[in-house]
Structure formats: C-alpha cells, structure tokens
Amino acid sequence: MANNLLEGKKGIIFGALNDQSIAWKVAEKCYQQGGRFVLSNAPIAMRMGEINKLAEVTESPVVAADVTSSEDVKNLFEKATAHFGGGIDFILHSIGMSLNVRKNKHYTEIDYGFNQKTLDISAMSFHRVIRTAWDMDAMNEWGSIVGLTYIAAQRVFPDYNEMADAKALLESIARSFGYHYGKKRKVRINTISQSPTRTTAGSGIKGFDGFVTYADKMSPLGNASAEDCANYCVLMFSQLSKMVTMQNLFHDGGYSNTGVSQQIMEMVENQL
Amino acid sequence: MANNLLEGKKGIIFGALNDQSIAWKVAEKCYQQGGRFVLSNAPIAMRMGEINKLAEVTESPVVAADVTSSEDVKNLFEKATAHFGGGIDFILHSIGMSLNVRKNKHYTEIDYGFNQKTLDISAMSFHRVIRTAWDMDAMNEWGSIVGLTYIAAQRVFPDYNEMADAKALLESIARSFGYHYGKKRKVRINTISQSPTRTTAGSGIKGFDGFVTYADKMSPLGNASAEDCANYCVLMFSQLSKMVTMQNLFHDGGYSNTGVSQQIMEMVENQL
Amino acid sequence: MANNLLEGKKGIIFGALNDQSIAWKVAEKCYQQGGRFVLSNAPIAMRMGEINKLAEVTESPVVAADVTSSEDVKNLFEKATAHFGGGIDFILHSIGMSLNVRKNKHYTEIDYGFNQKTLDISAMSFHRVIRTAWDMDAMNEWGSIVGLTYIAAQRVFPDYNEMADAKALLESIARSFGYHYGKKRKVRINTISQSPTRTTAGSGIKGFDGFVTYADKMSPLGNASAEDCANYCVLMFSQLSKMVTMQNLFHDGGYSNTGVSQQIMEMVENQL
Amino acid sequence: MANNLLEGKKGIIFGALNDQSIAWKVAEKCYQQGGRFVLSNAPIAMRMGEINKLAEVTESPVVAADVTSSEDVKNLFEKATAHFGGGIDFILHSIGMSLNVRKNKHYTEIDYGFNQKTLDISAMSFHRVIRTAWDMDAMNEWGSIVGLTYIAAQRVFPDYNEMADAKALLESIARSFGYHYGKKRKVRINTISQSPTRTTAGSGIKGFDGFVTYADKMSPLGNASAEDCANYCVLMFSQLSKMVTMQNLFHDGGYSNTGVSQQIMEMVENQL
C-alpha cells in the first residue's frame, strides 16, 4: 500500500519512545513511503524506550538530544545533515511532558518552576528545533514541520492541566515561525490536533481511559488511532500539501465540530 | 437596579411571543434602562402570544410584520420612526422557525421548499430588516443591531437540524452587513450565541429538556437564563460597547470553551 | 509522479467548466492517481465549456445535472453507480454562482429572489447531492466528499457579496451532514478553503485581479494555485486522511493566519 | 454619564503607568461608575510612571507588586482585602513586556532566557494573580477578571514577535482557570482583544505607528481607543455580563472579522 509519497525525502522524527508512540508509527509510515530519517529522543527517554528496535527496522541513525538544550539540538542537526549529505525535508515534533501532572499538582496549585520546565520541554522546544534549522539553513525548500497537539489548546479538559496552556503556546509558535520560514524558504509549519491516544505519555493523565472512551463516542468516526495520525503526518510531509501552512489541523474523527453526539446524550439522559 | 444605560434610546424588538421569550425579557430590561421601543412580531405569532401585556407595561406600540415581506418591514420602520420622530438606536432580532423541525423531518430528509422558508424567516429576515433600515437611513450613528443565535452554527447538535445552517447564515449576515453599515454610518451588528433556553420556540426541538440539563452541567457557570441574556443585550445596545461589531458573542456560562466538565465525565463513566 | 493514491476509487466531479477550473485540475490529478469518475456540470455550463475534452483525456462519462433539481441529481447518481457497477468513493462539489454579483447588485441592495437562487445553487446543492447519495446508499464506507469554499465565510471581503453568506451556509452543511453520514456509513465531509484563484467564476467579481495580487503578497507562501488545490483534494479523497471530517481546511499559503505581511505593510506605509 | 455599573464593587487594577495606559483609563472609568480599587504596578514601573496622580483622583491605595513574585502578589491581595474589609469583585490584568523586543531580537533569534521572562511577566503572571486570589478565597461570587490581549495570538503580525506567543498563553490561562474558578466560586475570567493602541508599551514595537494607521483603515469603525476599551472593561466587570466567561472578546471596531477593507485595497492597488 505504499504510495512513495516521501520518496527521496529526509527527516528528523522526535519522540518515539515505544510502539505505542505516535512518533513510532510516523516513523514506520514514513519509511514505508520512501522517507529516510534520523530518530531522536531525550537521553532518559532513550534509556527507557525501545527506540533501537525501530531504528533497525527503519534503517535510521539515533541521536539523543535534550530539546531544552540548544547545543544538543544543534548537534542533532549537524549529525542529520551530515548523514544525509544535505538538507532536511520533514520534521515531526511529538514531545510533551508536564511536571505538574506527574507530581499530581492540580492546575490551581501548579509549581511555577515545574511549569517553566513544562513550557520549555513541550512548547519552546518547538521554537528551538525550528530556529536551529533556520540558523543552519538546514531545511530544504518546501520542507514541512509538524508538531502534535491537542484540542485542550482551544477548550478546557480539566485533567489536561497545564498541558493545555503548553499546547496553546506550541500552536502559536507554529503560526509565528511559519510566517517567517514560509517567507524565507517556503518551509511550512503546522500542528496536527489528534484524538486522545493511549500512549505512554497519555496514560499519565488522570482518568485518561474513561476520557478516551468519551471522545470515541462523541466523534462521528470514532477516535483516530496513532496509525491514522501517522498517515496524516505523511500527507502533511508530502509535496501534495505544499501550500498548507500555519494551520492547526484537527485529526479527530469529527470530534472538534461535534457539539454532542446522540450516544453521549443518551448516556447523560440515563443518569438524569 | 437601573443604570440608565439606554436613556433616550429608541429601538425595535422582534420576537416577543410570551413571557418565556428572550425578546420579552429584553423588552423589560431595555425599558428599565430607559430605552423605548416598538414591539414587532409575525401576525400569526401575535395572535397566539400575549404581546399586548408587554406593550402595556413597556408603553410600546405594537406593529405586526411578516419579516419575509419587505413591504411589512418597511411599514414597520415607517411607523417606528414616525412614532419616535427620529432614528432608531437599537434592534433585536430574535426570530427563528424551522418548518422541517415542525414537520419532524430529519436533517437528512428535509423538504427543500420548507428549508427555503426556514432560511428566509430565520436568517435572510435579518438582512431584510437591516437593509430596510439602510435604505431609509433609519439608524442613528453608533446604533446597535443584535441577532440571537446558537452554537449549533459552529458545532453539530444533531436535533438542531437545519436551524444550525440557518444560524450559520445569520451570523455571516451579521459580519457582511456589519462591515458595510459600520463604514457608512458607524452602525454595529453582532450576534449573541445564547445557552439553550426553555422558550416556546426551544420546546419544539426533540429531546430539548435533556439537552438543557446537559448544557447546564457542562457549563462552569451553568446555563445563562433568558433574563441574563436580556442584560447582555442591553450592554450590547449601550454606548459602552460601541466599538464591538461583526462579532459572535457567546453568552453561555462558559459552555463554548469547555471541552468536557467533571460532572459530565462522571455521568459518562458511570455508564461505561 | 503518480502515487496511486486513488487506485480503484470511483468518484463524481462537479464543476469543471474549462481548463481554468479547479474542478478540471482535480479531475486531471484524480485520474493520474488512479481514480475514475463521472464529470457533471449544469446543462448550460456544459454548452459553454469544454468538458468533453476533459472527459476524453480522463476516460470519463459526462452527465449533465442541474444541482437545484433533485431529479437531475438522482439521475446522475444512478448513471454513475451503473457505470461503475458499485458505490462512489469521492465527490467534489465545486459549484457557486451569485446572481446578484452577475447583476451588479451591491450586498446592501440584493434582490431576494436572486439570493434565494444563489443559496440554492451554491450551498443547498451540497445538501442535495449528499442527501441523494444518502437516500440511494451510494457512497462506499470511508468515502470522502469535498466542497470548495472561501475565507469570506469567516471574514468580510466586500466585493465577495452574498457569496460570503452562501459559503458560510455551505460550510455549515458540511458539518451538519458530516455528523450524520460519519455515524451512519463512515463517510466524511469537508470543505477546502482555497486561495483566490483566477477562474472563469472568480473573474466575475469586481476588482478580482487586484485582490488576487493582494492575497498573494499577504500569504507567506503566496497564493495556492488551482493545481495545488487539486493535489490537496486528492489527499482528502485518499484513505490516508480517513479520520478527517467536518473540517474547513484552509489551503491558502498561510493567508488565513497572517494578520499582515511585511510586504503589505510597506505598500500601505508608502501611501501614508 | 455615570451609570453606577460598579456601585459597591471593589477591585485591583494592574498596569497603569501613565495617562496613555489603558489601565489608567480603566481606573478612571471604574471610579466614575462607582467602583473602588487598589492600583498596582511593578516597583520599577511605579518609579517611572505617574501612578500617584491617578491614585489621588480615584482615592486609591497604591501597592507595588512584582507579578513574577508570588509573595508580592500575596502581599497585594492581603493589603487590598484589608483595605476593603472584604473580597474583591474585579481585577484588570494589563501587563506585558517582551525583553526580546526591547533588545531588538528578531523572532527567529530570540534569547530563550529573555523569552522565559517574557512569558513569566506577560502570561504566567495572570495565573499567579488568579491563583493567589483562589488560595486566599479573595474573590467574591460572580467576580470578574479581565486580561488584555491582542489578535496576534490568532494571526501573525511579524513585528509583534514573541508577544504573540505570550498572548496565546495568556488567553489559554483565561480559559483553563476560568473553568475551575467558575465551577468553584462563579468567578469569571475573560480576555479583551483590543485594537492596537498608542501606549508607552505599544510604542516599543517597530513600525507601530504605521501599523496603528493600517488597523484603523482596516476596521469598519476605526480603531477602538483606550477610553473605549475602558468602557468595555466596565461592562465586563458589571453584573450585567455575569454569564460571560472563558471568552476572548474582540474590541476592535470590527478588525478581526474584516478580510480587507475597500480603503486598504485601494492603497494596495495604487502600488501595483
């Protein structure tokens, strides 16, 4: 079923921890479509995860990088461009971590030091990655950069906590940098707002399982899977979407524009 | 509690059927705030309703008008400007009717003749009213026109049927005409997107009661009442909001930006 | 450069008038990607246009249909499903016509009879097409329906006139019907909001050429061409976007999220 | 012209530097409407500004507070509630500062240490203020909190730099905290997205004057002034808007929903 959509394209994929990760699926799909890439993750995540298995299957170098370190990111881009002997065509940013969620701090009682780290890891890292590419002129024309996000940036899901604010910041960076990089080098930057997905990261959120079911029953097509999301990322990396930039693209089975589904209304009515 | 926000202001209020109507509450609040106005409704609605009681309390003339008839609307504006001896400062459009809903036609099987009437009564009437004022130069500078709408224009609530499309059309008219009338005469045009409200109109929608409860439990402040909505209309008619135009203003206790509330999640989880 | 994205897929493409038409380009791209389709247009448009050339190149039957006639649309679907010996996988709705624009009626002085026709041709026809498919169960699972629209549905472009309202109605129909068809048959419905494009339809709008240049200078990537748009339609028809529904997708080189570009600011400043 | 909209209400107003400041106008209008309040600003801003004049005219205590210091903010709330002998009804957050803009660092080359401070001062301070009130239970029921923002949070204005991202973060905090505070104590939180305004803060942005003129010519009603904005803040503090929460309210003469105005198109066409 490969369509060679990424034939000859080179990329960097951030955030593949294990085979539950969306980034893992993106790597598999990009590979099937002819893309080649460097895998990257935080040093600690690499120790915990199984990224080497993925690297083997997809013939990818693995370069550890702490995305809060400009040096690390620069080193990664140097390795990647050296490996490919040229510029980068696509980047996936699938990185998010909330210290306050991990420490069970409610949104109304967050620690501001933790919050600063959350914003740095989950959002400003997107700026840092893009800007490093910009400084090194490492992206090819019409290159495509995608960050993964969640609809909590638009509407409140109480347990999503400070990650909602981090995602709003991330989406703003996509627009802001998308303008400049579009003008300068025709590079485009978008975010994909994905259905809640049972990944290792997602499972840290309180009540996540119930919530996934809720979203599934609310969405006319049901929740989009990690694999579906990976396919959509491939489309956004391909030249066929080359004029799409600075957008937040909902990939959610219709959730975002559904006020309420028949099924959810019935469940609620049963409780009245 | 009157603040004289509409002291000396003259208006036209469409859509007061009985004391459940939002327009009825708007009339009461405008009167308390010093506004004077003409009441109007469709001839048939006037026979069914109790508008004369309201007219008495608020010292208002009543002029019947079928808003799908340009002649009727023109006659109304002539009567109103003659009555006030001058221009109009505020208009409330609280008019909506779906023939397909009445006839229990599902959205997927609407009658297109009925639909054409629904759009004409519920949306194009807004254009007709504004345009009649425009043709007669009947609005004073900084005058304010408000149409009532519902969030189904943005997200699907299955039972709301074709009225969702009618409201999307209404909101577009507010923007389109708001541009022209703002430029020409500083007249401003907005829509207020109100919580589901138990009115005679609302009660025609299948499963409406359960839905009102659902929205109430979803909204951090609960549903906004008809009386609350009337107060907000007063603010939008007042000079203190004079630079707000072409907006769709959610008046809904926070519903529109709530993804899911704790309460609703618990009700759903109890059913899993 | 074909990726076989539509291998084995069958469709209906509305609105190819001549080789300037976006629908024409969509037909060419779908054909290259392995898709087969029936071409349809209004009887009068078919006499004016050159659709037979396109039909020949793409091996497509041509079936005239007035989209304001439920009978015509039904006949078209019967012919198409008979031709393919089975269901439909994709539909392009690229249909719009404003009688008031043609007659040079300003938005503030539109003829309501013309307006009713504009809404019927440009927006309600989308409902009629989809509903005919629904009634006949003519769409295959995961089928994809796309309507072309324009950002005037969200923001005012004065010369776009009543078409802004028609597009708002069209986009609402995509959401409303998208919910029902998604639930019932996993069919998805989206609109693509395209850069202003020099087509025969576009050229009817006053000041259109200047406006195209303006949009081009405002968009970080420049305006998207008809060909680019066709590629994006292919993506939305493909299985790789199967979880995207009820969305309005901006395909505009970043225009929609650009407040102002450096270039436009300079042009304005030169005039101050 | 006072309407006693804030009779008996107590507040805290952040950010009045001099009589160009929006916060200064808000203080004047609140005072006229019967509100009483404590004025606060950063220690350094207080030395530069003329806040004592305002304090005298409005009979307000002045309490210096660095909003990046939880201690300072706590001290301010203690002083304010002691002064009023009770809870707070309204808060204005009109605080923003970009170190990278001050240092002339382009968005593509921001210093991340500066950026962290920008986000802390301009956005996270909103969380800190609200959360301090929450911890001390210092807000009365139906209290109203407003933060000032700008449309750069939605669309790119290149010179607005990292402040765009800071405002996106601020608006997200309004939603996130608005949910929790609404549920707990009926406190509501909104942002007002104001026209570009010639204040001391605004004048730091490159090309600001030309931009103000551009926005003015784009907006059907022209730009909203600081005084207009102050009136709108009064409305949002009053009980008449009590069901509005978690919203971003455009107060901009129609700018946000105008694609292009006739005037701007003409200026552009003159340059082609």
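Think of it as A, B, C and D in the order they're written, each chain with its own count starting at 1.
Definition applied: a residue touches a chain if its C-beta (ideal position, glycine included) is under 8 Å from a C-beta of that chain, and two chains touch if they have at least 3 such contacts.
In this text the structure is predicted, and so the values were computed from the model without any measurement.
Homomeric contact chain A/chain C: same residue numbering on both sides for over half of the interface positions. Using mean Cα coordinates as chain centres, the one most removed from chain B is A.
The geometric centre of chain A is 42 Å away from that of chain B, both derived from CA atoms.
Averaging C-alpha coordinates per chain places the centre of chain A 32 Å away from that of chain D. In chain D, the positions touching at least two other chains are 155-156, 158, 175, 178-180, 246, 256-258, 261-262.
Listing the residues of chain A that touch chain C in their complex gives 3-5, 175, 178-183, 186, 188, 195, 220-221, 224-225, 228-229, 231-232, 234-235, 238-247, 249-254, 256-258, 261-262. Remark: chain D residues 70, 107-110, 112, 115-116, 119-120, 124, 127-128, 131, 134-135, 153, 155-156, 158, 162, 164-165, 167-169, 171-173, 175-180, 246 touch chain A in the complex.
The touching residues of chain D, when paired with chain C in their complex, are 151-152, 154-158, 207, 210-211, 213-214, 217, 256-262, 264-265, 267-272.
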